[in-house]
Each structure stands twice: as C-alpha cells, then as structure tokens.
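Could you have a look at this structure, given as structure tokens, before my questions?
Every chain is named by a letter (A, B, C and D) in the order it is written, and numbering of its residues begins at 1.
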Amino acid sequence: MVVEATVRVQAEDFSAQSEMDTLTAGRRDVGALVSFTGLCRDEAGTLAALELEHYPGMAEAELDRIASDALKRWPLTGLTVVHRYGKIRPGEQIVLVVAASAHRRAAFEAADFLMDFLKTRAPFWKKEHFVSGKAETWVAAKADDDADAERWIAS
Amino acid sequence: MVVEATVRVQAEDFSAQSEMDTLTAGRRDVGALVSFTGLCRDEAGTLAALELEHYPGMAEAELDRIASDALKRWPLTGLTVVHRYGKIRPGEQIVLVVAASAHRRAAFEAADFLMDFLKTRAPFWKKEHFVSGKAETWVAAKADDDADAERWIAS
Amino acid sequence: MNIRYFAWVRERVGVEEEAIELPSSVVTVADLIGHLKTIDDNHAFAFEDEETIRVALDQMHVEADAELGDAKEAAFFPPMTGG
Amino acid sequence: MNIRYFAWVRERVGVEEEAIELPSSVVTVADLIGHLKTIDDNHAFAFEDEETIRVALDQMHVEADAELGDAKEAAFFPPMTGG
C-alpha cells in the first residue's frame, strides 16, 4: 500500500481538525494521530506581524522531499503538511503537520522529524514587523534548529 | 504564572480542535501546539469494539499527577488530557493529549511523555470484543510501553 | 478496609468491591494479599500470579512492601492498558 | 541562466529575478557567485558574506562546489526560517 503525503503551501489559514479528519475518514487502521501547529507569537507584545516569503515551486518540492523521507522511515498511514506564506499576525497559525499511524511512536517521531527538517530545509523566510514601528528585520536562523535536524542523522 | 492542566475522564467523545482552541484562545504567547489522538483500530477487521474499564477517582488523580510532572519538566503554557471509558468502536477516539508551549520541542516532548506515562500508570484496562463472537479478552500490557516510559527517567 | 478489584482481577474474584475486617497481623500490602487468598477459591485464583497484580492504596500506586497504615481503600488490578 | 533571489539577498541585490548570460569560464556555483559579485555594488553587497548564502539549482539545495550543468535556474537566499 503506497501512502502519499499531502503537501500544501498557501496564503489561506487551515484547519487542523479538517486535516486530521481527512487522514482518518473511512479508516479503521489508524491508532495514532499527532498534529503539530506552529503559531505566530507576539514576543511579549513587541511583534506586530510576521511576513513569510517563500520560493514558490521549491517550497512545495522540498516539503514533498521531506515528507517522502518520513514515509520511508516510519510506517505511516497518512501525512499532511500545510505551510502558509504572506502576512501572519500574532495568534494566527503558520504551519501544520499531521502524521497518522497504527502506533503512537511512529506518529510522534514522523511529526517531530518533519518539523525539524522543514525548519532547516524548506525555503521560507520570516520578516518581523514591530509594534514600535522600528525597521523590519529578517529572522536569523537558529543553531538550535540545525542541531534538532541533526538528531535524526545519527539515529 | 502557574499553569494548571485540564484532565477529564469521560464516556463522551471529545473534539481535539475545541481542546486546542481552548489552549490558544485569547493568547499570543503560544508558538507550538502538539496534539496526540489515540483511536480504536479494528485489527484487520477482527475487532468489534474495545470496552474500557477505569478506576473512577484514581484515573483522574493519576492523570493529574502525570500532567503535573510534565508541567514541572517543560515550560508549557497549557496541557489537556481527555480519556474516555466505556464501549469504543473501531475508528472512534479513545484518548487526547494537547500540549501548548512557546517552543516546539517542549510541546512535542510533553505530549510524548504524557502518553508514555498514561499508558503505564493511569488505571484503565481494555477488553477486546471480537467480530467472530469468540470470548472477550483483556488486552495484555506491553513491555514496549514500559520501555517507552523508562526513556524519560534517564534523561 | 474497603477492597476494590478491576479488570480480570475483578472477574476472578467475582465482586467489584468488598469491606473486609483485617486481623492485626496484616501490616503490609503483601500481608493483605496473603489474607485475601485465604477467603475462598475465587480470591486464591485472582491472586494466583501475585507478581503480576498492581496495587493502589487510597488511589496511589504502591509496591507490595508498602504498609497499609490508615489507608481506607486498597485496589487490585492488572497492569494498565489505557491510552 | 535565470537567477532568483529571496529574503535579504533579494533586498540587497534589488531585483527578484534576472536573466544572465554566463561566460564559459563559469562552471560551478562558486564560479557563478564570483561572476555575480562583479555585476555591481548591490550584487557585491548581497554576496559579501558568501558562506552564509544558500543555493538551489532548479529548486534543489546544492553546495558551492556543485556544477551548474544544464540547470535553468539558480536561486540564492539566506538560511531558511520557516516553520
């Protein structure tokens, strides 16, 4: 049984529940469903909005590659990744990963793996707009994120 | 800021989305939301239903204890655990954990930890009812589940 | 003392709950199990493989060497299989 | 060859995309960066700290020593910060 991941890059908001429902609809072999939702924080009231730039085409292609790796590595029954672009305000959703499997460990690990590699490999960039009106700045990549992604290489 | 976990043990179904919404409502400091939903599998068509017995009072108390441990261990902004009892059919939901945090690693680890300890410490027992009509049997505890819980003791 | 049973321990004993007067020689959980096994064949069968059975005193997990102290309720059950 | 820029690399260069004729001496990504830096001050500024900049050829990540081959599009951008 070949499982295909669903990958979408869109400006519109998404519904975690509706993506989860799609992965379980009509099935009775899914025992575990893990969702990760990434939201925009206001950084203690200083952030007015994030502006998410992406490389159209490559963003989808790279997310597809990461999702395919996850499908090879864990016995999943389904996998969905949705990433937004454009202006996103504090409290709004940015990214969603849902992994479904017969067993919980596979679902947890696949969702965790997907987020780690998405952060370091998917071509998206965040620019911060501040409440104070000070000049917008590009978010710097975190060394932590590279370290998180490297966890999966040794194991 | 003291964060209190929400723990519910109930016969009724639950909505992951509504529990997630509760943890993010009116907040702008939540950057990561991880949900785990455990569902009843039909075991390749052989299972008619699971019957979940629990120890009323202790089930809630033990889930509270595990949730409090998680809140001490990770900087969470919210944590919700819902566990059902009674007869549950294939495709239906059994358990939900939602962990919210500023950062994704804390949310992932807390949800994972909660499920591991819930499996080995919360007083719930599953009895399988079969499609074939053969005698119902109690599900045996898995050595894997103990090993999963022990991962957190060393670290 | 109030004694409760769950899952297959309950099915073997044949009751969910019972109130039992304990002799003063019963100090620990292990003593309590020894005492319960003498009640009848159903209890003896339920505690046949006593290493497997888990115990809670007043809704807290304890080991077999725990003292009953002033606990009001003891519960016996198989390893948990929730989640 | 079609060249695309993203995030602050785009802002420094001043254009999102440009078509550039490459001399035959440009074989690898590193050669391409060297060539782009000669175009004007904006390009030189964008590639000032060239170790930091990531590259994709036809929408696949590559390293600086990768050969351009018959790739139609090269893209330059800072480390990713999605998710």
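Throughout what follows, a contact is a pair of C-beta atoms (placed from the backbone, for glycine too) under 8 Å apart; a residue touches a chain by one contact, two chains touch by 3 or more.
Predicted model, so just to flag it, every value in this text is computed and none were measured.
A.B. asks: So which chains count as neighbours of both chain A and chain C?
C.D. replies: B
A.B. asks: What does the chain connectivity look like after leaving out chain B?
C.D. replies: A, D | C
A.B. asks: What whole-number Å value describes the gap between the mean CA coordinates of chain B and chain C?
C.D. replies: 26
A.B. asks: For chain C and chain D, let me know how many angstrom lie between their CA-based centres, rounded off.
C.D. replies: So the centre of chain C lies 72 Å away from the centre of chain D.
A.B. asks: What's the distance between the Cα centroids of chain B and chain D, rounded to whole Å?
C.D. replies: Here the centre of chain D sits 48 Å away from the centre of chain B.
A.B. asks: Considering chain A alone, which of its residues make contact with at least two other chains?
C.D. replies: In chain A, the residues touching two or more other chains are 38, 104, 115.
A.B. asks: Which residues does chain D have that touch at least 2 chains other than itself?
C.D. replies: Where chain D meets two or more other chains at a single residue, that happens at 83.
A.B. asks: Per the touch rule above, enumerate the chain pairs that touch, sorted by label.
C.D. replies: Pairs of chains that touch one another: A-B, A-D, B-C.
A.B. asks: Quick check on the complex: what are the chain A residues that touch chain D?
C.D. replies: Against chain D, chain A makes touches at 38, 52-55, 57-59, 61-62, 83, 94-95, 115, 118-127, 138-141, 145.
A.B. asks: Across the complex, what residues on chain D touch chain A?
C.D. replies: On the chain D side, the touching residues are 4, 6-8, 56, 59-61, 75, 77-83.
A.B. asks: State the interface residues of chain B toward chain A in the complex, per the touch definition above.
C.D. replies: 15-17, 20, 24, 27-42, 44-45, 90-91, 102, 104-105, 107-108, 111-112, 115, 148
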